[in-house]
Structure formats: structure tokens, C-alpha cells
Amino acid sequence: MDYMNGPGRNHLFVPGPVNIPEQVIRAMNRNNEDYRSSAIPALTKTLLQDVKKIFKTTSGTPFLIPTTGTGAWESALTNTLSPGDRIVSFLIGQFSLLWIDQQQRLNFNVDVVESEWGQGANLDILGSKMAADTAHSIKAVCIVHNETTTGVTNNLAMVRKLLDHYHHPALLLVDGVSSVCAIDFRMDEWGVDVALTGSQKALSLPTGIGIVCASPKALEASKTAKSVKVFFDWKDYLKFYKLGTYWPYTPSVQLLYGLRAALDLIFEEGLDNVIARHKRLATATRLAVKAWGLKNCSQKEEWFSDTVTAVIVPSTIDTTEIIKRAWKRYNLSLGLGLNKVAGKVFRIGHLGHLNELQLLGCLAGVEMVLKDVGYPVNLGSGVAAASSYLQSTTPMIPSRI
Amino acid sequence: MDYMNGPGRNHLFVPGPVNIPEQVIRAMNRNNEDYRSSAIPALTKTLLQDVKKIFKTTSGTPFLIPTTGTGAWESALTNTLSPGDRIVSFLIGQFSLLWIDQQQRLNFNVDVVESEWGQGANLDILGSKMAADTAHSIKAVCIVHNETTTGVTNNLAMVRKLLDHYHHPALLLVDGVSSVCAIDFRMDEWGVDVALTGSQKALSLPTGIGIVCASPKALEASKTAKSVKVFFDWKDYLKFYKLGTYWPYTPSVQLLYGLRAALDLIFEEGLDNVIARHKRLATATRLAVKAWGLKNCSQKEEWFSDTVTAVIVPSTIDTTEIIKRAWKRYNLSLGLGLNKVAGKVFRIGHLGHLNELQLLGCLAGVEMVLKDVGYPVNLGSGVAAASSYLQSTTPMIPSRI
Amino acid sequence: MDYMNGPGRNHLFVPGPVNIPEQVIRAMNRNNEDYRSSAIPALTKTLLQDVKKIFKTTSGTPFLIPTTGTGAWESALTNTLSPGDRIVSFLIGQFSLLWIDQQQRLNFNVDVVESEWGQGANLDILGSKMAADTAHSIKAVCIVHNETTTGVTNNLAMVRKLLDHYHHPALLLVDGVSSVCAIDFRMDEWGVDVALTGSQKALSLPTGIGIVCASPKALEASKTAKSVKVFFDWKDYLKFYKLGTYWPYTPSVQLLYGLRAALDLIFEEGLDNVIARHKRLATATRLAVKAWGLKNCSQKEEWFSDTVTAVIVPSTIDTTEIIKRAWKRYNLSLGLGLNKVAGKVFRIGHLGHLNELQLLGCLAGVEMVLKDVGYPVNLGSGVAAASSYLQSTTPMIPSRI
Amino acid sequence: MDYMNGPGRNHLFVPGPVNIPEQVIRAMNRNNEDYRSSAIPALTKTLLQDVKKIFKTTSGTPFLIPTTGTGAWESALTNTLSPGDRIVSFLIGQFSLLWIDQQQRLNFNVDVVESEWGQGANLDILGSKMAADTAHSIKAVCIVHNETTTGVTNNLAMVRKLLDHYHHPALLLVDGVSSVCAIDFRMDEWGVDVALTGSQKALSLPTGIGIVCASPKALEASKTAKSVKVFFDWKDYLKFYKLGTYWPYTPSVQLLYGLRAALDLIFEEGLDNVIARHKRLATATRLAVKAWGLKNCSQKEEWFSDTVTAVIVPSTIDTTEIIKRAWKRYNLSLGLGLNKVAGKVFRIGHLGHLNELQLLGCLAGVEMVLKDVGYPVNLGSGVAAASSYLQSTTPMIPSRI
């Protein structure tokens, strides 16, 4: 049963879920299996080893939880913190807002540090709070690495620097949902205590695995954290890790084989090449936006996201119309503006298994939609700007040279 | 990447995950999609309507949660109860034990009613408790419909009768993980307040959807329940139901299309025919067990499960060896004995998308494994008993007459 | 096992094989079946009925032969003609050349009517030959509807007009390999006696079915045609059609289910809408070629093909380099120049399951490749020309309005 | 679109097409590709090298023709022989009959050596003919290695011995359709000049590749053979082999990747282990047939086929009814009796990707069907006989030890 067929392929440029490589779709095309046989533990073992590489950690302990990003958040918080714990959390868009909402509903004492939407986390305030908190009442700093609403990437190295500067022992919990595997992420180097992502983002899988990685310090904290949880409890995983059977409850074997294929593709391309590709496609997108005479919602270059670009349109245009028309006329899926920027921005997701011509097809589509809704764009202008850049920077495909 | 290939097909007879129909594998063989387009809500709407039918409810409200059965349990409990609430819970095997463990870790006050493993829930004690609890301090009765460890099915109609007899307002929370879609389940008729199952059981999908269905009374209770939860919070779903977008966070579109295909197959066969088929295959299995001279772990016929048969072997044999050998020699996946019955029983799962000859192949395999491990079985004896019954009871396939 | 992976999706713009819709890939994702059961004949019956629609015939008899286009040619010739028969055949490019080669090797007496490559069939000469052949020694006229080498479409209505004008009884055998389902094809109206296509062209399936459709007159001719053939003999098919089992030898059930899905998609979109879409995408492509300052190999507008555009490049550039670079750098698959136009043209296939943004991505890629190889193209120019046209002509997707 | 769904899996025991391994289905689950890129030739090269191993030849030249077994026959004949050539051909069942029919329609002068159906090729007569033909007027000996109609395997080593004994230069053309990859086949050792098989048989792929392998002597003969052919002409292949592009016309890339996966599985298991598995399953089947009190259509043990068993039933029973009932009640696909043995035998195909429990499920099904149609079988008797043998002979799965 399919709904709303159109000719040709859907152009999927929401900032997740993203395009799944054919190799991964193939790997998942299978019957169920007994996850208590010797095959699934053997597979899981390789996954747990390899998934650490996408976080650039050797000391972390990964958990592959059958859940979404929201569940991964809950796992990070409830395993490391106790109700009433004071945490600092940055509000810079809809996803950081939702995480803060979760933090509050889980009964933490949240110091919300808000920025204007379009700006990054206010690290000056973090500095002040660190400086003031000589009693170390702040138990954790929670930050979204890449805010998908506005296309803003926060500077995690700087966060670490501040914590270190003040010798503050707060845990650093990072939402890497729309950054890991696409934007440089250095868990060990930056002293991230819990890092997390979701399978349907830059890993380019279906939704269904919340990937959470805990530092030794986070694991230590989990021993005393008093938040109530069962499904998300790391202890149950750790118990089964020791047994070598790995799973406290039933995983999706399809997703495990899919994750294996996805990691294989990433390592074949090279993680740093994957990251460079994201930067290249993002730069091209931003050049197109500029050529159209439109503004990036992300206010400064230091915050520009390499996985999603939120584009501000003139106030005479409702971006909801842009999204609808893109879908209904061109089979192009773009991201809506959310909450404070609803109707004001539309979003181009440029993450995951994607290449230059896919992006240029999308940009050509955006141009046509802009014209459809009355924005006076020069058709071809964005594509020209983007392809100029891409033509001079795209490397040869190594396997084909 | 595949591990541990063997010639021919794997014979999957664990009591979940179960065989996925080709039609469902096909339906899931697809790229990601924007779940905020108009297509996915249109699909979701049909799923929410139709999934109620497998619980036989018209008044229930279903939730398709991206989680496993363990998460579905947590959803049922945390949405309807508050910490400290007194609940009655039946311990009759490993899965009821795990649920009770969860109930305790979620800080409920659990009255555990234990039975010998192999027996059903002790409803006499439930009666006594109901009779005694004139103050209605018991907030919920929690029961596993079908205990997968021992192959025991509890009598839910009787539970309802007892609650009604004492006019007790306790919520009735039922784990239907290994029963729904295979063993008759009547949510409305039996006054079940929360019913739940998992996609990888009789629905014959991959793991990944915890399906929870709440009665109006349960929904009412959820308004005041104080258990802490965010990911599992029904309120977030209900908010998005109202908006018509349905999803508080990203679903697996693959599983949604798969669920559509699975439900279509079930309705094409007819839910009651599906249930009758499970009874037929289960009866055949039990006849084989008897022919082998072995005993059903389920002690009385009234408790015999139509989805799984736990078979007791002589104490000279370790069932771990049976499971290993079945897998290593015959590509047959059987269920281990768990906890108290570890080493003592092995389990044959006969649920989901399955037919007579698949079962007979399995039974032939069990016979060979029994002989392998030194049990003096007459090869062919179990198959003869089972096929005698099946030959006289199997209906023609309606689409082929 | 995959060879030569690159990031993102392959952009497949050779003039066949073409992109397969996900719905068709899914439909083919299946185990083998007994083709002698009642299911496959029931399926085949619907296919034989429906496949006639893509030829616009009601009186034709279709054959679904497990072969390629080359085999379909052989089927058309050997079933209707006898060795030594005189036929008129038009040479206008590599595929008509190959067909003529086949005709000669099958021992027909071929009057080759050659045109300069880039021109259509010389119908003036056909007229003369018809006029001269009052003895009706010409048994058949063989014509390629759409010559894929040069992007030239012949005027079949005019061919019929000429035959009728001279009351000539010659059979009209038409290669519709790269036209049927994409360019208007009217078997009955144009009096085509044998029409044929291949599954991997506009039908958007894998290679493997040669679809041949015979008029009553062709069927009549087949009764006396003396060409030696067994595998391609229509008689064997007709015998099994009568039996209702349909298949003289084993078909690919996967392709049959795939064909069902492909036809369903075409009828859902509407065959004439599919044809209009091809014209729209072809027009856009030609506008891009013009904007790049390049020439269409097809010399006159009346011959412009709506499924493939062969583009002539300056003699300083070797198109082999264009094709290699497109593949090695941009994951773009373009068609080589063949034989007389080898090195001189490259080809953009724009047929099958394809939409506007896919094409624009391709055109953006062609621009970059042209720049790569030293052609002074203005990046964005072709996309601008194409998208201008498409933005004003693309209809809304009916299922989404 | 699926026709005639039934619960559970289809049990496919026709002697082809056979069950496709999940690994192969996965490998084929893909979009089309440009077969003129560098990827497909690289893949093809490995296939041509490896496919020789299944014929046990190092000197042969393989052709992967987009056709069926019938086409492979035609390829073998028309490339090596000229019209009027005298050939000796053995008629022992429906498939040898069909091949002979083809030979006659292709205008060869066929000496038909008929045996009673159920017997092997009459090699005494071959001896006489060889002895008498001192003029070497016989150009080829054509023999079906395994006659699928009756379950008879001919002794190719003996054929070679006879040819050698009389120093007869006739080409030896062998139909290995239902033997190659399942029954020992030694092209080089037995001096087979053309060997052929089809992808949907023991290779366990979909229909679509006719695999033909020519000895140097056959290749030499092809230079002067005058039979008319184009599609099947080896010369076109050899020309493209030299170019390194391999394909004279479009192959199915899906089947090429599928063949890669199928060969990988066969080599992982070990070709001789695959052959031993077929012998084991065939022996078990024959023991079951005996236990049922029924007779093998193959009259002597030396001819017993390891890929298919044709079972003779009492004249009171119509085997058509057996086949129908198996399909309509048990989702079991068995082979019909054909031509002379129509109604008298039914056939159990036991070839391809298959294991012990699949076979035992089938045998249990056959027993039930036999009882359904009134044959007084002891249910379980065949399974007991077969599983007794299998329990003592089945090896452990190497990857799982």
C-alpha cells in the first residue's frame, strides 16, 4: 500500500530521516532471527566496537537502544542524574526546547540559558555560571551540538575549555542527533560524557536505534543516579554485555544488519571524508541561498550548520506554502519552520548519504518553488553559485579512479 | 554481512521474533520518507483504526510506540499509576518476573502472587485480595496473558469476573505480547484497561513497535498518574492525534508500511481464522510432545498456550544442548529454558505467520535433536501424531479453492 | 558484493536501462514460485491484457519473451518472414544498424535505406520503393521508431500513410524499444504489424522481458513464415495460451510481478500523462543544450526524441572523457556516442520513471562535466533554461492535490 | 499484487524454479545500472571465471545468456552444428523429448534413441551407433544429464568412455539444467563439449540466465557451424569479451549481482559439499517413498536422481489431484507428471538451497496429501524413514561449530 505516488523519485531534503543507501536497504531486507543464537551476539560485538568510532571515542561505552532520539535523550539524563539535580541547558531552537521540556518533566532543576533563535549557545553565560558555581551545584551541562531548527552548530570544544578553565566537574551531555557522522564530533578530545544520536540521521538508517555513548565518568555517575527508569537503564545492558549476549530485550535484527552496512559504507568512504563532504554540500547550499538574495537563519558563520540550512524568506511569504508546493508539485521534501520561526523559514537538510547532483536537483527545485510562491528569484542562480563551488572542489570517487 | 550461513532456510521456532511474511518484508523494503508529509498521517490514521481490531476493542485508544515489549510495559504502568500505588501482579514465569521487577523499580507497591512455574495465575488469591480490599487500595491488577517461559495462558475472562464480582475499580493491565493476534483477546468484553503487544510477535513484523491500547478508564487515569515519564507519555501522542500529524517524534516509516501489510494479511485470513490456526498448530505440537513421551511444562490443559509449548525433558538431559545442536546441525531455532526452568525445558514457538508443514518440519527436527542428545525417541512418532491431527483438521486455503 | 561505491545515489541517465521505481523493486523482492500453479496464470492473464494498452492496440497478440531487445527483434523477424524475403530497412544509427545486421544474418534480402546519422528515415525513398514495387516483392518494412544513438524519432504515421497510399501489403515491423511507454505509439491506428519493446526501457523494469505484440496480419503471416526458430517461435506461446497455462518455458516470476507493478504505476499516472511528462522533460533538456551553446545530434525538430538527447560537442573534446568523468566524479551515468558518432556525441537518456528535479540534477552535473573537460560553459545556464520551462509547465501531482 | 495468499510460507518442491536464498534475494534488490560503466565488466569478469567452477572446467568458455534453458539448448546446438547434421539424441522423458523436438525443428538429422520412461539413456545403442559410424557422420551426441520428468540421471562418464573407445569425434552436448551444482558434473574430465544450465535450478536464482559452457573443440566447431542464429550467436559474445565490455546486449544487472551471491554461497559451502547434501536429501526422499509403499519412477538405483524423485502412485489415484490438493490445502508445490507419465507420477524436487527440515516438512505434507486422496499411507512413516537416515548423516554446519 502506497500513498500519494508521483512520477520519479522523492527528493528527501528534510533534516532527517534521510536517504538510506541501497546497500543498507538490502542489508535490512530479511526475515527475523533468534537474537539469542550465536550469530547476533557476534554481529553486535562488531557494532559496539565500531560505533565508538563515529563518536571518536575509545573510552566510551555505547548503547544501541531500540528507541528514537527522544528516548536517547531520556537515557542520557536518567542514567546520570537524580531528580532535583541542577543542570545548565541551552535553549536555541525547537529541539533544545524539547530537550529542556523533557529535563523539566524529569524533575531536574534546569538553568535555561536562552539565545535568540538563529544564534548559538551563549557560552559567556556558561562561563559566568561556571565561575559562580564554586560549590559545584551544577551537575550537568546539556547542549545540542547542532540545532536543527535554525541550522546552528555549537562549539563544543569551547564548552569543554570553559569547564576545564573553571575545573568544573559537571557532566557534559551532548545531543549529537543531527551532527554525529556529518559534523566533526570528538567525544574523547572534548570530554563529552554522554553523546547520542539517532539511526535515521547522518547514519542514514531507518528510525529505531537511539545510539548513546557514555564516558567512564558518566558510567560512574550512573551507579548512583536516582532517576527512575527501567527501559532506559544502562545497568541492564551492562549486565548482558558481561554475559556476552548483549541484549536485555529484543533488538531489531534488521536494524543491526543495517547498522553494520551503514558503518561499512562510512568507513569505506572514511569518516573524515564523510565530514568533508557534508561541509562541501553545506557550503554549496549557503552559496545558493546567498545567490537567491535570502538569509541564513544562522546568524554568524561560526555557527553555520553543515547538516541543515534554515532559510529566512521575506515576511510576505509563508514558508508553509513553500513546503506544501515542493511536495505537491516537485516531489521535494523540505523541512518546515518550527515554533518561533514557523512560517518564517524553510529548511534544507543536507545530511546523510547524499551527493552533489542530488543537492543540485534539490536547489533547482527550491528555486522553482520560490518562484511559484512569488519570490522574484532568478532561476538557475542558486544552482550556478553552488555548482561553481562544487565543480572546483568535488573529489574523484576513490573506487573509480 | 551475514554470520554463520548454513544451507537452506532457517527454521525459526523461538517464541518471538517470528517469521515475517514475504509481503511484509516487501512492504518494508523502502527508503525513508518525510513523516510530516500528508502521506504518513494518512497511513497512520488507517493503522490506528485497524490496530484496535486485533485487541477487539472499539473504545480503546491505541499508541504505536517506537520501542519493545519492555517499553510497552513501562508505558502501560507509568501512564496509569503513581509511585507507591499498590498493584497486584502474578509471577508465573520469567516474563511476569521481569515485569514485576520493572514494577518494583518504578516504585510501585507490588503484591506479588506467585505460582509454581508451569501453573497459571492464582486467581483464588486474587479473589481473596479483592474481597479484602474494600478500601480499594489496589490500583491495578497486572497480568501476563500468555507466559512465554512456561507456555501458560491465563484466563482473563475469569480475572474480569472476579473484579466485577467484588465491584473492584482496579485497573486491569494486560501483557498480551505473546497472545494478541494468536490467542483470543477481547479487550472490551473483558474490560482490559491497558493491553499491549510487540510487533515482532504474532503480528509477524520486525521488532520496533510497542503497541499499547488504553481503555477510556485508563486514559482517564493517565490524567492524574504521577509516574515520571516523557518518552512514554501518552499525552504527547494525544496532542499530536488532535493535530492530525500523529507523531510526537520520528516513527519508522518502514515499520508503519510493514504494519499495514501485516494487518492486511491478518484481515484477509480473518482474525478468528488466525486464532483457530494457532490453536490447530498448538494442538498438533502438544500431540507430538505426548508421542515423544515428554511432558508439557504447562501443568493443566486449561493453561495450555497456543503460541508456545515448553517441553520438559528428563533430568539427564540439558536443554541448552538441545538448543545449540538444533541451531548448529539443523538450522532450527528453538527457545531456551529460562531462569527456574533453565536446562529443564526447551520451547517451541508456534506463533505468527506459520503453517502446518513448517511446523511439521520443526517437529521432525526436534525429534532428531532429541535423538542426538540421547533421548530415546522414536523418530517420526511426533510427526505422525501431529500430522494425523492436522490431516483431519486443516482447512483449504480460501483463496485457492 | 558491490563494486565502486560512491557517496549518494547513482544518477542514471543512460537511455536504458533506466531507474526502477521503488514500488517495482519491492514487487520483485520475492522467492521463486511454481509457475504451473493457478497463481501465475492468473497473473499472466492480467499482464497480457494490460500490456496491449501500452502499444495502444486492442487487436494485437502480445508475447512476453524471456529475452532482451535483440531477442525481441529476432522474434519479430523470424515469426513473420522466410529466408530470402525482401525487406526494406532504414539505417539511421547504431541500433538500426544492429537490427539490419541481424536481418542480414537471418538471410533476408535487405534493402537498406541509409540516412545521415542525425536524420530520420528517408521516407521519400520508401515512397519510391513502394511505388516501384507493384509486384509486392517487398514483404516487410522494418523501422526503428526511436533511434537511441542520435535521438531521432521517426514518423510512423507517415510510414503507414505511404504504405496505404500505394496499397502495399508489406508488413510493418517496428522497434519501439526506446519509445513505447514514453513516446506516443499507436499500433492499431498506424497499422503496425509487429511492435516490440524491452522491459528495461520506459517500462522501468530490469532487463529480461522482450515484449512483442503481433497484429492479426502478423499472426497470419507467422503460419507460413519459414525462418527457423524454436525459442522465439510464437506457436509455442499460442499453444500454451489456449491451454490457459501461458508459458512454454519458465518465466521469471519476479519480472511478472514487477511488470504488474510497473503497469499499475503507468495506468495510475495515465499513459498519456506519462507521454506528456517525457515530452516535458525532453523539451527542458533541449533548452539546456541550447543554452550551453551545443547542438542536438538530431537535425530537425520533427525528429527530436523525447526519450534521449544526443549532444554534439566541439571536435576538440572527446565525449568518452565526458562519460568517464561524469561517472568517476559525479556518480552520473551518461550514454556514450556509438560507432559513427563515437567521441562526437554524448547522450542524456530522459526516459522511464523520472521527474523534473532528477533531470535538473543531471543537467547540473552535465554542466560541471563540460567545464571539467574544458568546454566554456556558464554553470547554471542549462539548468536555468530548463527550469524556466519546467516551472511554467509542470503539473501538480494528482494524488497530492 | 499477490495472488492466492495463504498463511505461512510456500513449500516449493517443484524441480525448479527453486528456493532463492535470502542472501541472493538481497543481492538482487537494487536499481538498474549502466552496464557500460566499469563496475559491471569488473563484476562480469569474476562471474565468468567462477561459473566455470560449477561445471568443473578450466578450459571451457562460459556464456551468460539472458534466456531460459530452452534458449540455452538452442545456443548449444546452433553454435556448433549445421542444418542437416546427423546427431544422436536420447529420448527418456519430457525434457529430452522437448530438446529433440527443438533439434528437429532446427533441421538437424536426429537419430532418436528412445528408452522406456523411467530408464536411462540406452548406451548400448549408442555403442552400436558409434561402432557403425566409421565415417563419422554423427556430428554430435546430445544427452540430458538428469531427466527431470522421471528422476533419471544418465551416466556421462560412460558416454565419454564409449566415444573414446570408438575414437569418435562427435561433439558431446549435455543438458545439465537440473544437475549442475547439485549432481557431480565434470566437464573437462568427461570431455563434455557444451554444458548448459539455467539460473533457476540448483543455482537457486530467478529464471533469466541460460549458462552455457563451451569446450575448445566446441568453440572451434562454432567457427564453421552454419545454423542461422543471431541472438544466440557466441561470436557476438566473444567479440565483446575481447573488448573487455563483455555484453553484446543488455544483461540484467540484478541477475549478475544475484549470480555473484549465489556462487559465493556455493563456494562457501563447498561445491562438493553441496553435491553431497543433494545426495543426502535425495536418499532420504527415496527412503520415504519406499516407506510409503510407493515406487520410484526411475527404475534402477544407478539412475536415481539426486535432484528430483518421480513417485509412481497406484492407478486408482490421479496425481493431478495430489498436486492440486498439496497447493490448495498445505501450500506445498509439487511437480506434475508430464506427458507419458501424466497422472501417474508426482514429483518431489529436492534441489537448490534446501536443508533437512525443509525436506522433512515436505515429506510430512506429501503423506497428508496421499491420505487426502485415499492412499492408505501410515502418517509419519516416510518422515521416520527419512529422518532416521538424516539424523545419522547430517553434518554440523561448519560456520556454527
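A, B, C and D label the chains in the order they appear, each numbered from 1.
In this text, contacts are C-beta pairs under 8 Å (C-beta built on N, C-alpha and C of every residue); 3 or more make two chains touch, one makes a residue touch a chain.
Per UniProt, the chains are A, B, C, D = alanine--glyoxylate transaminase.
Since this is a predicted model, take the numbers as computed values, not measurements.
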Which chain's C-alpha centroid is most distant from that of chain C? B
So which one's got more C-beta contacts, B-C or A-C? A-C
With chain centres defined as C-alpha means, what is the inter-centre distance between chain C and chain D in Å? 34
Could you work out how far the Cα centre of chain B sits from that of chain C, in whole Å? 53
Taking each chain's centre as its mean C-alpha position, how far apart are chain A and chain C in Å? 44
Residue list for chain A, restricted to those that touch at least two other chains: 2-4, 19, 22, 25, 27, 29-31, 38, 327, 400
Residues of chain B defined as touching chain C within the complex: 22, 25-27, 29-31, 38, 400
Touching residues (chain side chain B, partner chain A) in the complex: 1-4, 10, 12, 14, 16-20, 25, 27-40, 42-43, 66-71, 73-74, 83, 101-102, 105-107, 198, 200, 206-208, 227-228, 230-233, 248-255, 257, 260-261, 264, 327, 333, 336
Touching residues (chain side chain D, partner chain B) in the complex: 2-9, 11, 19, 22-23, 29, 265, 268-269, 274, 277, 327-332, 353-362, 364-365, 367-368, 371-372, 378-381, 383-385, 387-388, 390-391, 394-397, 399-401
